[in-house]
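Just below is one structure, and these are the notes that go with it.
Residue numbering begins at 1 within each chain, and the chains themselves are lettered A, B, C and D in the order written.
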Amino acid sequence: MAAFEHQLRVRFQHTDPAGIVFFTNILVYCHEAFEEFLRAGGMPLEEFLGKREQILPLGHAEATFKRPFRVGQLVTVRLTVGRIGERSFRLEYDLFSEKKEHLATAATVHISVDPKTGQSTNIGPQLRTLLEKYAPPA
Amino acid sequence: MAAFEHQLRVRFQHTDPAGIVFFTNILVYCHEAFEEFLRAGGMPLEEFLGKREQILPLGHAEATFKRPFRVGQLVTVRLTVGRIGERSFRLEYDLFSEKKEHLATAATVHISVDPKTGQSTNIGPQLRTLLEKYAPPA
Amino acid sequence: MAAFEHQLRVRFQHTDPAGIVFFTNILVYCHEAFEEFLRAGGMPLEEFLGKREQILPLGHAEATFKRPFRVGQLVTVRLTVGRIGERSFRLEYDLFSEKKEHLATAATVHISVDPKTGQSTNIGPQLRTLLEKYAPPA
Amino acid sequence: MAAFEHQLRVRFQHTDPAGIVFFTNILVYCHEAFEEFLRAGGMPLEEFLGKREQILPLGHAEATFKRPFRVGQLVTVRLTVGRIGERSFRLEYDLFSEKKEHLATAATVHISVDPKTGQSTNIGPQLRTLLEKYAPPA
């Protein structure tokens, strides 16, 4: 089972007066990894939006924070695909420090929506093929 | 069982190219309600930080999105206390539109931490009293 | 010469590890005042976007920071109209603390753009009338 | 006169319902380049904060926007040092698209402050040496 990895730097403006990353920014990091996952798979999110064939709004998000993320840290986000349904899919994230400390886990559920009707719709074949490459064996 | 309510306006910069609020901002709205909950209870978060007696980092966050949040909308965040442990507590959020549509549910788990040691510590008595006012009957 | 005033609270997530508001958020506060200015004038920004008659992207922004903005502070943004051209206008902002300390000044220049062509276009009559109410006498 | 260059990707969450980057995020990009400039010069901003010898709050910021920044774009921020005073310095930024289009110019003025007193203080020798490498010849 393949994993997609994306690295990013914790920025000054992501952290709060307690000196650690404000929690919602950790989910922003996960979405950034998702954007790079789509880009690496040849279907960047901005093309979805441009063509307006399908949008992928979130139905659910969750995160468990194990250790503080500190300003200046280099973070690796490891993305795998947790479940692929007809009209939705679940992504799992593990976030690590440079010293391989496990900082957080997270998950997002994305729903395939037809922007013309606002209704859920089947995941398109190109996206399904990409997701299956990173999904656990059936 | 009491609930604390906070109203806020969806801002232009909270929304994304799909025209709806980027999901992490919905958790920002919940934290804003938490900040107002503490302020209304006479213990604003900035005082926690100033005195440095106790900080309240998140151990977990989750949200389920039922309907899109659109720019300009007035949103009501309804906060209740879900569970109070020795060293952590869980807050529950329900978010509604002006038309009383249920837009999202969310929850955050906060851990009471001693900033001098970085270790978890008992929830202080003033905060516990405030939380109990909004918790379900035992 | 009239001024439009908007009040807002400095949020935990607006501040950085130095304990003061990250500078770009002060310009976010100004834009929030601009959104409320349009709303109070009967032409909320989301309607501009919905009707797609005219969009108002920024051509310029500037801010001078006099004192730190601290978490929990209540800030008043005082907006006036600095100059109204054929196809652009300049807004001026003064930001004050509850104790009437002058925290910052800022300005934004907005260009009236036709979203169909991407070209600048004359400011519409309803917006011009609103701007003139808050502009200095000719 | 040397320039420091930093590349970054426009993210989904940086853009607004008009489909272009919300203006304050362009100043966030400039600060990100400043953080990388300090890091490359061997004095990352998080060390300033840790040692608390000197903090570098902004006294002024400005930006002129020439073309829209769109989601997915790769942006190059070119940073030069505009002026070095006793207790403050000015940074200049030019932002380019992959096609070398000039997207925006910006500038920030940073004040050297002693965090113990909150008063301005002389720029330290290590920072001055770094700034001079990127400043115009006297």
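The working rule: a residue touches a chain if its C-beta (ideal position, glycine included) is under 8 Å from a C-beta of that chain, and two chains touch if they have at least 3 such contacts.
Worth saying up front: this structure is predicted, and the values here are computed from it rather than measured.
Undergrad: Figure out the least number of contact steps between subunit B and subunit D, where 1 means they touch directly.
TA: Contact-graph shortest path, subunit B to subunit D, evaluates to 1.
Undergrad: If I superpose subunit B onto subunit C using their CA atoms, what angle of rotation comes out, to the nearest 5 degrees?
TA: Rotation angle, to the nearest 5: 180 degrees.
Undergrad: Count the C-beta pairs in contact for A-C and for A-B, then report the pair with the higher count.
TA: If we tally the C-beta pairs in contact for A-C and A-B, the bigger total goes to A-B.
Undergrad: How many angstrom between the C-alpha centroids of subunit D and subunit A?
TA: Here the centre of subunit D sits 28 Å away from the centre of subunit A.
Undergrad: On a C-alpha centroid basis, what's the spacing between subunit A and subunit C, in Å?
TA: One centre to the other, that is 33 Å.
Undergrad: How big is the gap, in whole Å, between where the Cα atoms of subunit A centre and where those of subunit B centre?
TA: 23
Undergrad: Can you list the residues of subunit D that touch 2 or more other chains?
TA: 12-13, 17, 19, 22, 24, 28, 31, 46, 49, 71
Undergrad: In their complex, what parts of subunit A are in touch with subunit B?
TA: Interface residues on the subunit A side: 17-18, 20, 23-25, 27-28, 31, 46, 49, 55, 57-65, 68, 108, 115.
Undergrad: Which residues of subunit B touch subunit C once you look at their complex with the stated criterion?
TA: 9, 11-13, 19, 28, 31-32, 35, 39, 44-46, 49, 70-72
Undergrad: Which residues, counting only subunit A, touch subunit C once they are in their complex?
TA: Of all residues in subunit A, those touching subunit C are 12-13, 15-17, 19, 22, 24, 71.
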